């Protein structure tokens, strides 16, 4: 039994503008001590997934419609509020993207740290304080004794994120959910924080779900990666497998969208065309179909399930030997993955059925076609 | 003059003159204090002595972390601020202190693309109005011509020309950024200052915009000052890259050189901090973890501004020179300038090699996977090459 | 794996493009409370405009013989007042005064406060400082006292009342507009327009004002509610229109307090009229706030 | 007594005084008789309409109980604690409980004189110039000092020689009745022995005794006056006038009640004088607290809620409410001592035209106003003074007849353009004779419009211009009235309305034919009843002939009290004594 | 922090200065001769001349203004033309009444508004929120005098539950020490009178407090909802804190900030409302005094009370700002 098991989780938001289909039935496991990367762009449902695990979806709009989440065999969704509260912070902790807004600006670091400890342990405030000092030292904050009395705004961004980490690890939780922990930080600070995170979780044996949009970050941090798109997991594999053989068109597209700092000069990026889907529509067919260069007729109508890339005798859900799975009717061939485009002779992406979908109106830049008739500049201007 | 004619061309008699020449540019923002009457107690030295030149048709990347002054440099160049000191020369004209109509006329020739596609478009104007506004302001063409031009511009940036009647909030981030680009193109500018044009966009959209900017440059002979915090993106798009730290340029080189042979300890650290989407590379890389945070630009350290965090200085036993003497930008090899007293020590160091993941014994062969057009360089850069 | 079974993917609805204003209007028409508010307002505007059509009676001339007919008396749905005039007619004509005074006073406030705020927000610096100190001075004087002072100073009369109520709003408008403008001055799209070479006037008129207007529109709508209440308050303090025959709600109510025990309905009806119209504008104002700034919606 | 019409009145009465002849005046009719209070009640019965409330006199059944505090509502606050310095009715009402004069009015009447601190009414010399008073013995002021002839002399001399700064603004009544210093008609006041005081006048003055009943001529403790710096030229600096220090320090008289404290704008408290000289008429109440109420509605609310026990004036339209409340009683003051009129400035067009004035008289439906605004507690006026005034006679003034009004307008020859009348009303007040000026103005305007006039309304605040502007003739047409100081024809016809300043008539109306002035002079100088009757009769006829203004009505302003308030005796001048009042609870 | 306070205090000076100019102009720009206007009914040529001289109206305007300013700085607010008492004397007796009333109203508004706002925020989708919204809507839509008269008529006149007007039963006499009824009754050792004073306070406080109540309710609700969406609240919940602690410590500590500012701004509204409330309830305070003074053209009283009201408004907002700064460490440690 894995530490965390998520089964067919469906989360929706009811808003004035209608229902938002945030997470549409995802299943994954996290093993104790493992680091799982959750990769995707904004709105793909990666943060919502984790808020749902913590039962912290914004009320009353967000609702878990379906699914099961167990931590150490305890069904988190069925748990009464008081017990899930007990588990938060103690068994599962979270750190968030923006350390400025994630710390309460009107409370001192001490108050915020101590309350966390006191909430779960029958510790005195003095003990809790001692522990807080220790934790701040552990995350590399100089002069923890005095810094404890500071307010969040008196710290730099990197230091704040260190405080957040110290707070999250205060009770040595089994699972740490790190939601874009470095996105708001500069790259040199990001390096510091990632290093710290890696180091500490390894030391404490904490399992981590690392949410990020940056494939580079997970490449160095995670043992296994789930790629999410539009509320679905579209590809999952151990990290080396995923990068060795990216197999979902979306994963391929992502890898072709960012220049690598170690890349040779030249080379054009191959962007994913179009825009992310409107989540106010119930997903029909493959959610990536409108932007996919490999789509076939079936993609429009039928959402492919997550299946092993190659036939396997036994599906391994977690760990370094987990099965590489994708949800795709027509996965790119390895060569195509390398070029980022379908290269099969004569292949044309299947046109959308019926009316043209709005998003498709965005075309590739039509530079060539429009170079002819630009109005001349005003002659009067030129004479001046 | 059509845009086509302008493309890649130089004006007669202007052949070798740089389009933009920045000399010792300084932009200080005063800090005032006082109970009743505010008085000047210091300056935030956002830009503190920046010099570079930009050739016609070239792309110069300006890279650095937040607060390093890169955006201020860009904004000062298009004269959104009046510089505290130094000189900005555009196409041979000193525009440092230009004002009024003269400045307005000059602004036709340099345009800006902004970071946040949401806040940089007036939500109360439709797209045609936004894109056509520069034409309006500079009274270019008849109303009909302007309308036509707007339609074409929308096509150029890959938007449906019929979208002119729509409003910004009806578009996604990437589409909005295209609108921003179209606006910048409206008056046939020669220079475009792109201030973090992709950092607010989703990963999958970033490539669309990068490609758009590159194609436009090819076709229209544009000159870019490309400002970003992401060295990989800057390197990808720029011919040359300048690295800024605390209001100064610490290293300026051809992008290829900079990446493969960084000579400033800061550049090395910066490169090493960038995660590479390749677990194989990542696993062998050793990052240089800089200590602490960037000091305040209101009170920059003495001597070399980087000395408080410099790994090299530590290695060299904290030479006093770093804290005393302000290193000037010096050309170490052709077109590769660096502002470090001990830049020679960087060259060939393991840190330099490791920074881009090329350290260690194995070469590219060990790389598990890489996109074709985006592959790591075949061999580790030869030191000093 | 299809998470949800929905019959078929629907193509994006082809819809006409619309600006934020039209968007806001659409949102407004979906906002129940705002619609109720608009309904009240429409009723009162119609009452004001159509008063002579609706009622056959003279709002001014009465007959003591016919005084204090109870509500429901034949021909007088709301009864008659102390002078024997039809109360419904007076209420209808009162809507004229209230709306007229309310609207004009708010417009005056907008003209004065808007100009001050626009100048302060557009120029900033010393100009801003001086104007805002003036605004602070005006704001420091409690509203009704300012209005009372102005009426005491300029004598009683509808124009004076309008000015007085307008002046209490002016500093508020000035502050709101100035605040929005200052924020907008640094916003990216204004900087963008500046970098294109837009003149300060163009920046103000095309970029800053249209965006600053939303908060001002909301404030003005809410100010209409307070204006109606303030005008009635001045009437209550005996500073209403000088002609005692004027059908002004506040004055009608106040004059009737003497006859509270004989004819409580003479207080009730104008009171209800004031409250309902104030509720109307408050609801509309809240609705506008929500629809003009969708982020506020919950 | 009401007054705030200083300037004009001063002038008026000075003239009156100067015009006085050399004959003696009769000091009031059947003066010294100690008639039972029932006579007041019978007067009341004759004037009160059938719906009128019971009079307090008839309610005063049973044996009075002592004790309790009466909370009395007044229309305004006391101004100063020294009656000699005040001229407003609120201060007078309070101070008349504490400070007594040599003579006073019989309770429930407006003109019947009784001796108070004098043992009897004075003896008057044949030339009407010398009044000799014999004073009561053993009377002590509230500070324990003795009341005697010296105290009387001190009080009169202090006012006669009042500091210049006080003369007009403060010592108004003294100025109005006697004048100050060398200009005074009062030649001397002397104490011939501790119990005898002799007043010598320069010219006969028929209103001398009636005027002396006012609290402004009450006798206060010289010791306390001196100690409290009462003659400070700036009363705001006088502890005495400011009511500081409480009993014996301020407002120190000889009356049944003693001053206790004054919290400005909140209340004035009087307490029973345990050593009152007139033991038979000592106060039943332990204390009275006077509370100011800005308007009658608030006052009635307070009465209904039990916050106060007695309200000086309620709106007549509320009498019904009070009567229907078993815990309350309405009090009819019996007879009217006021008049309410439509002022016309005869110098302005079209009021210079008699037919227009008469047309206005015919246009007004007086009875409808009485029904609507007075709950019947008023009578249409047929004279310029109330019926209870001496020498009153019916004048057959125009009554409601709109047709006649229209024909008079037609025959007047006044062009239509001049029929637009500017009509002033006071915006912020209610007076005993006009409980709802605004409503009355509207009703009157309505009647005038009905016969062909058009009306433009203007308004001013009562104290902030209405009175002063009206008195100098700035208004072409306005509403005004008068509550008597004393119930003589001079107080209405002359002081109130048509006084002359030299030969110039009151600028308020710009009306004053020579024959009217002659009649007034004769009336004031009259030494016999018959002569007076003759003179005042002539004056009334002249006024009826010319109809310079339109008298509207004479009202009997109702008071109200809790049902347990007993023994209160109302009076038309609204200045009642509370010593007979007791609480039946 | 100290610097902040000093700066904030100093920033009020130009406003007071400006105010003095406005109020000075108010008297001197009165239509017609100010002396005559001041005298009103008393106006005689001699008196007018005397007053002109007394007021220094024969001097150049700037001299007059400087004189006025000097007097102000010496605490001389002039004299009432009605009773000739120094304005400051009457003010001293009346002001506590207004303070008592406004404080009671504020207490009512804050004491009910904040819990009500929190309650509504906790039930945003439920009917409870709707009810609170309707209450607050009525609160801001009913003029004080309509509400006041209604309360008075129903609760006092008809039901006799509470006294109609005044500050204390007139039958009770207690020595005036502070002029705060609630304090004076206690000082006099009269708990019964204290209760009576409290009863007198209820209706006026409700009438006056209704608008601030509505506004505070709304702002509290909005603020709680805002803060509820903040990341740090999510953090607090993620730490496993009890909902109560999240509410009290994390949400309210932050939600207070805008509420505090609004409370400060409401003081202006309360002072303005006191003018009407005191008139309705015959409350012996500065508000009623101003109305009477305006009707009496007692301009020095008007001038001075507006100045004092404005001064109080500024002072309260100063205190509120300092309180805000204290509550907000970002300013406290700036």
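As written, the chains take the letters A, B, C, D and E, and residue 1 is the first residue of each chain.
The rule we apply is simple: a residue touches a chain if its C-beta (ideal position, glycine included) is under 8 Å from a C-beta of that chain, and two chains touch if they have at least 3 such contacts.
On a predicted model such as this, the values are computed, not experimentally measured, just so you know.
Set against the Cα centre of chain A, the chain with the most distant centre is D.
Ranked by number of C-beta pairs in contact, the top chain pair is A-B. Between the Cα centres of chain B and chain D there is a gap of 93 Å.
Separating the CA-averaged centres of chain C and chain E is a span of 24 Å. Per-chain CA centroids place chain D at a distance of 41 Å from chain E. Among all residues of chain E, those that touch two or more other chains are 124, 153, 279, 295, 297. Listed for chain D are residues 428, each touching two or more other chains. Residues of chain A found to touch two or more other chains are absent.
Residues 33, 133-134, 136-137, 139-145, 148-149, 152-155, 225, 229, 232-233, 236-238, 250, 253-254, 257, 260, 264, 267, 271, 274-275, 278-279, 282-283, 298 of chain C are the ones touching chain E in the complex.
Every residue of chain A that touches chain E in the complex is listed here, in rising order: 51, 54, 56, 58, 60, 81, 85-90, 93-94, 96, 98, 101-108, 111, 115-116, 119-120, 151, 153-154, 164, 167. Listing the residues of chain C that touch chain D in their complex gives 61-65, 67, 82-83, 156, 238, 242-245, 255, 257-262. Considering their complex, residues 295-297, 315, 317-318, 320-321, 365, 368-369, 371-372, 425, 427-428, 430, 435-436, 438-439, 441-443, 445-446, 449-450, 457-459 of chain D touch chain C. Chain contact summary for the complex, chain E toward chain D: residues 40-44, 79, 82-86, 90, 93-94, 152-153, 156-157, 160, 163-167, 169-171, 173, 176, 279-280, 282, 284, 288-289, 292, 295-297.
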